Amino acid sequence: MDDSVVVAGETLRSRLILGTGKYRTMEEMVAALDAADVELVTVALRRLDLDDPSKKTILDYIDTSRFRLLPNTAGCQTAEEALRVARLARSMGLSNWVKLEVIPDSKYLLPDPIGTLDAARDMVADGFVVLPYINDDPVLAKKLEDVGCATVMPLASPIGSGQGLVNFEQIKIIIEQARIPVVVDAGLGAPSDASLAMEIGADMCLVNTGVAQATNPALMGAAFAEGVRAGRKAFLAGRIPKREYATASSPMEGALR
Amino acid sequence: MDDSVVVAGETLRSRLILGTGKYRTMEEMVAALDAADVELVTVALRRLDLDDPSKKTILDYIDTSRFRLLPNTAGCQTAEEALRVARLARSMGLSNWVKLEVIPDSKYLLPDPIGTLDAARDMVADGFVVLPYINDDPVLAKKLEDVGCATVMPLASPIGSGQGLVNFEQIKIIIEQARIPVVVDAGLGAPSDASLAMEIGADMCLVNTGVAQATNPALMGAAFAEGVRAGRKAFLAGRIPKREYATASSPMEGALR
Amino acid sequence: MDDSVVVAGETLRSRLILGTGKYRTMEEMVAALDAADVELVTVALRRLDLDDPSKKTILDYIDTSRFRLLPNTAGCQTAEEALRVARLARSMGLSNWVKLEVIPDSKYLLPDPIGTLDAARDMVADGFVVLPYINDDPVLAKKLEDVGCATVMPLASPIGSGQGLVNFEQIKIIIEQARIPVVVDAGLGAPSDASLAMEIGADMCLVNTGVAQATNPALMGAAFAEGVRAGRKAFLAGRIPKREYATASSPMEGALR
Amino acid sequence: MDDSVVVAGETLRSRLILGTGKYRTMEEMVAALDAADVELVTVALRRLDLDDPSKKTILDYIDTSRFRLLPNTAGCQTAEEALRVARLARSMGLSNWVKLEVIPDSKYLLPDPIGTLDAARDMVADGFVVLPYINDDPVLAKKLEDVGCATVMPLASPIGSGQGLVNFEQIKIIIEQARIPVVVDAGLGAPSDASLAMEIGADMCLVNTGVAQATNPALMGAAFAEGVRAGRKAFLAGRIPKREYATASSPMEGALR
Amino acid sequence: MMQLTINGKPRELAPECCLLDFLEKQQVNPQLIAIEYNGDIVKREHFGEIVLHEGDRLEIVHMVGGGTQ
Amino acid sequence: MMQLTINGKPRELAPECCLLDFLEKQQVNPQLIAIEYNGDIVKREHFGEIVLHEGDRLEIVHMVGGGTQ
Amino acid sequence: MMQLTINGKPRELAPECCLLDFLEKQQVNPQLIAIEYNGDIVKREHFGEIVLHEGDRLEIVHMVGGGTQ
Amino acid sequence: MMQLTINGKPRELAPECCLLDFLEKQQVNPQLIAIEYNGDIVKREHFGEIVLHEGDRLEIVHMVGGGTQ
């Protein structure tokens, strides 16, 4: 079954995006990307360590002919910082896509709605394809769509928490309203979480910690890929409504008594 | 990845069992069994309608060289009735396996712990391979294992309700204690439910209404099969623990500020 | 508002039952019983420590003219043991009521449905007023009512876990079917849990660890008493249905625009 | 137990705020306010109906010597509209407090984070005591505190939905961070919901539909008041932690076997 | 004619009717059914030995789609 | 007669009508309302100073039951 | 001296010891306990009739704080 | 020697050092980095035109593994 998704005019075959942070080794990361068979992977921008010039970088490990890079603005606390990081990333010539993150505090790691909207407006004006990371706020999601973002990426639950799709109802509203793809990001701990996100109509999922910190990241990458496909199929197949009471699945007529 | 399960000495390649009731047409049922690629399918025993002798039966549709039949005792309210139905089913020469159900009321359709244990004891003594359907009761599950049942099949939520794995903690205890396969049955509405059951260590899932009453049963059958595989892989891959708070998945060191 | 409950012909003014175990001191226990202003309190039966004869017993602390004792059979693994303990307790002349517990394992502490039903039948025949502790099993609850139990006491979640009303739907079924009072027992961690149990129609709640192990047991006892009353009032007042979508509570007509 | 709360320098004895919309009759509203014994009640501002001049207004029913009015800006879609409505309300001389709502869409009724922050800044500068209604966004809550709001009022779930405290974790973060009172608003359907909000440390709750549309609003008003008090006491009393496994509340030592 | 109870309903058959003849007349494939004759299960290989008599109770069942209850 | 817009609807009044007279004629209690006159809020103590003219826009609001939105 | 089992432990008592004397010596208030003597429950009003013998099994229980299990 | 700030730390370089020479000396592959020179981003094709001076601020960044924040 071909069931690709189009983001900013680009057709993506896989509806799973993987992050590349927090793996125990680069080898485990490569194995996970391969097993999950994703196309889009997020990366961060950091200062080069000039005291260790021979250190391999992530680009030594990721085959950019196979995987498309999505640089994020992780670490930025204001719209200005995010714009600066995005431009630096773009200047490397690998992509004009950016996963926009404006996160003012380092404890809860929740995105700033005001700073994110400001940055998105400026980035779109500057020619970026913007995929903003947001709280589960349908009004903000709509505003980001209106200023020209390519997707919205609401969080399922706190980053790295593995709690799954906690605020389910608000994500459903975001999906209902959106005319751009909705990517559920952050907090997906197991394939059941990703499958659930897809079942309610999300277009894609982004997972990092759930794969990177699993005991076996490659196997977990494959599991998430399968979970996303299962959830997508279920969305298309039309699930049964939830009912309060039981109804038998064997016929009662003709039963021996 | 080969990851089969052994029930009563028989190796099963698929960890999904499908029911065959409640499909809108026999053709939809056949398409769903095929798409889900299961091995074990449940059937019920009913009086033949002598006024319509030319009516096709389910055995005209199901290729028994491909699918193994698991007759249930649906409709039985007592241990005696269940034993009678099981023996009739066995006399057809297709299987000595039986999905044991003793369900005294027709509203909530919940199994009788006392009648089920009595029937299981008698059936095991009579040479049956017994797979009993039970409430989420770990003490009862242990007793059924002790009298020689081949599996236990706790319900996830009321039959046909699609509510998913409601009493998660008790199912986990059943799994922890069991030395026989645990099959999560009843109430699974979407692949995320089945995936979750497998993630916590269930050995198999049984689904009927969730597939049969989906808008597109064949696609939903494939979705459930994928969800079961995803959940099983995730169980083997070792998921991350749930945490209360966020932890970043991009490194903070070297961030531009 | 007078809203008493009748158990086995006795009118109880308070719908909260407190356990007397796990308090840090007897003084904290007495303060909690007083603050919660309950009428019925559970106690256990244990061998007297003959090496410490001057040790005060719980009867030195509890004013039995104010509080009615409900001896339990905690520690019994079989119906026979439970009957023996119940008879010993009754021989003290304080009560012929018994909180029946038959719990075969010491890890999960879940009740045995078969042993509990057997014991209940024998106890009723022997003249006891029987209040059995059970898993969330509506079929078993009905059988216990049918053999003459005075109440059923389904667990909300594992004893001492404070998880609250986990298997809500099955408790609702027990309540719907019961013609005897339903007492929700075990796992209630906070007044919101007790209130919820009462809101869905439970007749009473039993709490022990949630009060005894709170930082301030007396204040928590008062809190639970208030929560039980709040939930009972809400049940009588008829709560609004849950809706999927928002509806305004201010009128839209005449709004300034 | 005296346990009042201070909002903008004013001491409030009751931690429950009631809305005055959606009652079936004014008499039911008055009875509910009386039974709940609240001090603060929200009202809306609407155009007078000049075709029905003799119609009583809400001020004919509410004793403003007993109840303090909190006008809201319901119906406003922008910061400008909210400021206009707030000033009109203030010109009546009853209060300079305002429950700020900027809600751009009429289906989901969710507040606009950008417009709310803009309006709050302007209102504080103009001398209002501002109580803004917000989504469960801790970053926005902090910004509103920083611009001088008197409280923040995060929604528990969609207005009028009665779903209770759906996004519990984010509300907890808002509470942890706040140095101003946190009032949980919208979606509280029963006292258990209000109790839970208070148990996690909310300072107050606001309820409208849950009381107004109950079968018996006066009794439900009393129930919510009791639930709020129960939850507050439990917060102060220090609840037990939730545990995954059971622990007995009767001692095992000395058990008869 | 003799009176029997088949699948819970009264039914008239010609006397001394053999079970296999009855099934054939009804166009019922013996491979797809199970039979209880006067309360006892009859294995398929013994269907041919059964001759129906006045007052007999016969249950003829087959498999249908089913999941749980 | 002069044309005004009151609460968003066109309305005819006799010329040179004073605001307080209008309210009194309408049986509206000035203690229970707030007024915006041509976009400006008028404090209650200044109601008496307003004389209505052709083309004026008047908003007269009062409090009603309300919770959220 | 005679050997008994009291509350599961071996214990030596002087022969022909009466139950009530034993309790008194142990400072045990008979109002607060229940007794099982050689497997039979003894009502409080019959405590005085029990004379302990070699090999007797005695269970003396009392109430303690308890909730569930 | 001249003083610069590279990646936020003070650093001494020989005067009139060309950016590409510096990178080469540091064994840094210009294909894998991005550069901000005195607050302005420099495209890779212009790396060769930059000559470093006393007081310059240089940021040299590269891609690392990252998911969210």
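We just call them A, B, C, D, E, F, G and H in the order they show up, numbering each chain from 1.
Just so it is clear, contacts are C-beta pairs under 8 Å (C-beta built on N, C-alpha and C of every residue); 3 or more make two chains touch, one makes a residue touch a chain.
Small disclaimer: the values here were computed from a predicted structure and weren't measured.
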Report task. State which chains count as neighbours of subunit B and simultaneously of subunit H. Result -> A
**Report entry** Relative to subunit C, chain with the most remote C-alpha centre
**Finding:** H
**Report entry** Cα-centroid distance, subunit A relative to subunit C, in whole angstrom
**Finding:** 46
Query raised in the report: Using the average of all C-alpha atoms in each chain as its centre, how far is it in Å between subunit A and subunit H?
Result: 32
Query raised in the report: Approximately how many whole Å separate the CA-defined centres of subunit D and subunit H?
Result: 55
Report task. Report the inter-chain centroid distance for subunit B and subunit F in whole angstrom, where each centroid is the mean of the CA atoms. Result -> 71
Query - Per-residue overlap in subunit G, given as positions that touch at least 2 other chains - result: 7, 59, 61, 64-69
Query - Residues of subunit D engaged with two or more neighbouring chains - result: 19, 21-22, 44-48, 72, 74-75, 84, 88, 108-110, 158-159, 163, 169, 208-209, 212, 244, 246, 248-251, 254, 256
Requested in this report: Go ahead and list every pair of chains that touch.
Outcome: A-B, A-D, A-E, A-H, B-C, B-E, B-H, C-D, C-F, C-G, D-F, D-G
Report task. Could you pull out which subunit D residues touch subunit F in their complex? Result -> 19-23, 26, 29, 42-48, 50, 53-54, 57-60, 69, 71-72, 74-75, 84, 87-89, 91-93, 99, 101, 103, 109, 133, 155, 159, 185-186, 206, 208-209, 212
Report task. In the complex, go through subunit G and note every residue touching subunit C. Result -> 6-8, 11, 26-28, 32-36, 41-44, 59-69
Requested in this report: Would you pull the subunit F residues touching subunit C in the complex into a rising list?
Outcome: 7, 59, 61, 64-69
Report summary line: Listed in rising order, subunit B residues that touch subunit C in their complex are 104-105, 108, 110-114, 117, 135-140, 142-143, 157-158, 163, 166-167, 169-170, 173, 177
Query raised in the report: Touching subunit C in the complex: which residues of subunit D?
Result: 19, 21-22, 44-49, 72, 74-77, 81, 84-85, 88, 106-110, 158-163, 189-193, 195-196, 199, 208-210, 212-217, 219-220, 222-224, 226-227, 229-231, 233-234, 236-257
